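Below you'll find a set of structures to go through.
In what comes next, subunit A is part of two complexes: it sits with subunit B in the first one and with subunit C in the second one.
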Partner chain A sequence: MTPAVEIRRLTKTYGHKRALDRVDLRVEEGSIFGFLGPNGAGKTTTLRILTGLARPTKGTVRVLGHDVATADNAVRADIGFLPDVPGFYEWMTAEEFLRFAGGLFGIGRKVLDERTGVLLELAGLTDITTRIGGYSRGMKQRLGVAQALINAPSLLMLDEPTSALDPMGRKDVLDMLQSLRGRTTVFFSTHILADVERICDTVAILDHGRVVAQAPIDELKARYGAEKVVVEVGEGADELAAAIGAEPWAAKVERDTNDTIAVTVTDADAASRAIPAMVAARRLPLHRMEAGEMGLEEVFVQLVGGGQQ
Partner chain B sequence: MSGFAAFVRKETTEILRTWRIWVLPGMLLMFAVTGPFLARYTPEIIGAVGGSQAAALLKAIPKPTYLDSYAQWAKNLTQIVLFAVIIIYGGLISSERKSGTAVLVLTKPVSRTAFVVAKALVHSLFLALAVVLGTLVTWGGTALVFGTAAGGPLWSSAMSWLAFGVLFISIMTLLSALLGSQAGAAGIGLGVFAIISVAGLWEPLTKYSPAGLANAPMVLAAGGESAILWPMVTSLVVSCVLVASAAWAFKTKEL
Partner chain C sequence: MRWSRAWTVAVKDMRETFSTMQLVAPLVVVPIVVVVGYPTVFLLALRLTPGSVEGLQGFLGGFPDSAVPAFALATSAARAAYVAVVYLFAGFFLLVPVMVSTVVAANSFAGEKERRTLEGLLYTPVSDAELVVGKISAAFVPTIVFTWGCFAVYSAIVALLGVPVVGRVFFPTANWWALMLLLVPAVSLLVISIVVLVSAKARGFQEANAIGGSVILPVIGLVAAQASGLMVLSTGLVAGTALVFALADVALLYLIVSVFKRSRIVSFLP
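After this line comes the complex of A and B, so read on.
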């Protein structure tokens, strides 16, 4: 199956600054793909290249099977795009803008009438007749999502679609994106981990212009979750935690309110051999010892470094 | 093609629904309405406020004719309206880049060439309509005030200026595709106007190049002769080349 997006060794430089550094990415058709990264990681640059607004310095970028360097109107007709700060003609109303956007795609009047109504409702702008110039940022963002869907795209690309929204608006947009699963490929960049965790099936993490991880979200959590060990003892948890903390393979030791110790380890093998021996040497009752699951946030922080967020 | 048509519709509606509908047509109509009256009554006004010395001076000046009204119109077009065109259209392309609207349009099935050509075309037609309307009003006003108003000098003058105005819309299209700053593009546009005006003093250029249109409207409006066929043809050809260059320049830009 042709991937919806395929990026190979993409490099983008601005003068001496390398915004993207040999990025490889593959977005399968029908997936909801979260493109995570701290501010300045290169997410917007990647999206600008994918939409033909900027050109790669090196590497190849294919969208819906076409090279973006030679992509024409036919490719753009199958794409929906929302930039991070969408710019609208402020003298238009939301309905006028959606009709204008539909007109650019050559959508017939009957279909356009229908879609405009549905999308205005989806964006919560049905009864708003004022001009876009008077809209709040959240209203503009919702209109931005609506206009990106006017052509029922095969590939929907969104740059930080929820960043300007209040909790209800965020939920509405995420629900809407989730409802597209299987029908439209959704590729969206964000730095909000909870959004990715909630609706994405695959995630890529970008840091300093490089993809540091790309995998289905469950696989990614399991992969990094194996680096965490949870130990529960009947008594003496404080002393055991202190002893574990002194070991070279223990990166971080956290104590729960009961007798549970969560250890982030750098060498899972060494930890799984040493911890039972340490429990036995202290004659402590071992209730549980298992690989813990890391949240996406922990995976993210581990991969890109906590100091950046 | 549907994208081009939709964008042309947008550009036209934008003229009708924003400040654009008031500025150029408003300026032209104001000059058109007041021009014939000013041409006819300026000597009387000067005489009334200038005292006996001015009255003696005015006796030596011939009585105003309808050609003075036309000259007034041509002077306003060449000296004020052209400057307004240069300043207004300094941001024709760059303002859409700055506001982010170009991004939403150009990620849809509209090529950058269509984007640039649609803008140059719509605004050239808009200028043509405004100039034709203003010239009609000047013509009618002149006939009303002077009792006679031959059409030839006025229309040949206005049409030669229109070709010059369209040339400047094309120049500003290119400059606004190249530069991000409206003020910067307008500054260079005024510089280009100064160069063309100076070039218009050299006869070979006046005969065949758009420089011939710099002074032609004034000469024609005064009832004089000026061979404008070649300058008009070359001006339209250069306009097309400038718009094509603007499309190429815009294509090479990253948004």
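After this line comes the complex of A and C, so read on.
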């Protein structure tokens, strides 16, 4: 199957600054792909190249089978895009805005009538007749997603679609994206890990212009999950946690209220040998010891570095 | 090139222009003063106090009699009315489209940048050429319609106040038709093309308007030359000048469409 997006050895430099450094990415058709990275990692640059608005310095970028370097307009006709800070004509109504966007794609009146109605409903704006200037951020963002879908795109790209929204606004936008699963490939950049965990199938993590990980979310968490050990003892958890924290292989020790200790380790083998011995030496009842599952946030912090968050 | 896409951009821009008071006010007030107020006061003065023409002889006397038909040489007042209506005020009708088009065109790309709406346009399949043509049309159409509207009002004022002074219907003359149908569109298109290009590079409307506004200076020179009698806008001169501007329009449009690249505009976005 042809991937929706295929990037090979993509490098982009601005003067002496290297924004992207030999990036490889593959986004399968129909998937919801999360493009993660801290601010300044190169996410927006990548999106601009994918939409043909910036040229690669080196490497190849294929979107829906087109080489973006030679087929800008053909690519843009098949994709929908929502920029990180979308601008709206505040004097228009939502319907006028969608019709205007449809006109830019050259969509015929009959199709546009039908699609405008469907998208207004999807965005929850059907009965809103006020001008866009009076909308909340959440309403604007939902309208932005609807506008990006006006051409029934094969690929929908969104740059930080939820970053400025409150929890309800985020939920609404994520629900909209979720409803597209299997129909449209969704590629969205974000630094909000919970959003990615909630709706994405696959994720790539970008740091300093380089892809440091790319895999389905479960696989990514499983890959890094081995680096965490969860220990549950019947009593004496505080003393044990303090002792584990002093070990050189213990990167981070967390305690919860149930005598459970979660240890992020730098050497899983050393930890699995030492922890049972430490428990036995203190004559503590060991209820459980297992490799814990890391959340995406912990994977992200581990790969990108906590200092940047 | 799909004209429907360019026209979609143009219609949106025109609606936006006329919903913004900051843009509409100078478009309406100044032309009304220049093409309605001045001629009305001048012709009324000639009609009500014919003696007032003596004070203008120094100014109007510079025009050669050969540029005035015999029927308008009957009285000093008729000559003054004819010279003012046919030649003196003609220059204003070049200033009006230049002023209008400068304001509207300056807003084209720069206004969208200020309102952060440009990026959304650039991500659509509208080609660079369609975008430029749409932006230029959005300034050109209202400029021409407004100038022709002013011309219609001016013609009515002349019919009402000028004809009784001159003694017969004399307006619009051939040089005015050439002015309205050839020179005004040609000059407007050149000014708009230049200002749209400036607007694409500028960070905001004020910057684009300030830089783009300098294109009015050559037109002011033309108006001054005309008003002083140094140059008489005969039909031949108007048509010839329009042809030169039209050729410049073609060359400039070709250049703009060739050099305009959205990727360069993106680099100006925040």
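Following the convention adopted for this analysis, the second predicted complex is superposed on the first by the 283 of 309 C-alpha atoms of A that agree within 3 Å, B and C clash if a C-alpha of one lies under 4 Å from a C-alpha of the other, contacts with A are read in each partner's own complex, and residues count from 1 in each chain.
Throughout what follows, a contact is a pair of C-beta atoms (placed from the backbone, for glycine too) under 8 Å apart; a residue touches a chain by one contact, two chains touch by 3 or more.
If you're wondering where the values come from, they're calculated on a predicted model, not measured in any experiment.
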Message = With both complexes overlaid on chain A, does A:P86 touch subunit B (first), subunit C (second), both or neither?
response = both
Ask   = Once the shared chain is lined up, is A:A4 touching subunit B (first), subunit C (second), both, or neither of them?
value = neither
Request  = Please indicate which partner A:V229 is in contact with in the superposed arrangement: first for subunit B, second for subunit C, both, or neither.
outcome  = neither
Request  = Determine, under the contact definition given at the top, whether A:F105 touches first (subunit B), second (subunit C), both, or neither.
outcome  = both
Request  = For A:N73, decide between first (touching subunit B), second (touching subunit C), both and neither.
outcome  = both
Query = For A:A250, is the partner it touches subunit B (first), subunit C (second), both, or none of the two (neither)?
reply = neither
Ask   = Which of the two partners, first being subunit B and second being subunit C, lies in contact with A:R55: first, second, both, or neither?
value = both
Inquiry  = Between subunit B and subunit C, whom does A:L120 touch in the aligned arrangement: first, second, both, or neither?
reply    = neither
Query = Hey, what residues of subunit A end up touching subunit B and subunit C alike?
reply = 48, 51, 53-55, 73-74, 76-77, 81, 83, 85-89, 91, 100-101, 103-106, 147
Request  = In the complex, go through subunit A and note every residue touching subunit B.
outcome  = 48, 51-55, 72-74, 76-77, 79, 81, 83, 85-89, 91, 100-101, 103-106, 147, 151
Task = Enumerate the contact residues on subunit B facing subunit A in the complex.
result = 2-3, 5-7, 9-10, 14, 17-18, 99-111, 254-255
Task = Flag every residue of subunit A that touches subunit C in the complex, lowest number first.
result = 48, 51, 53-55, 73-74, 76-77, 81, 83, 85-91, 100-101, 103-106, 147
Query = Touching subunit A in the complex: which residues of subunit C?
reply = 2, 4-5, 8-9, 12, 15-16, 19, 112, 115-127, 262-263, 266, 270
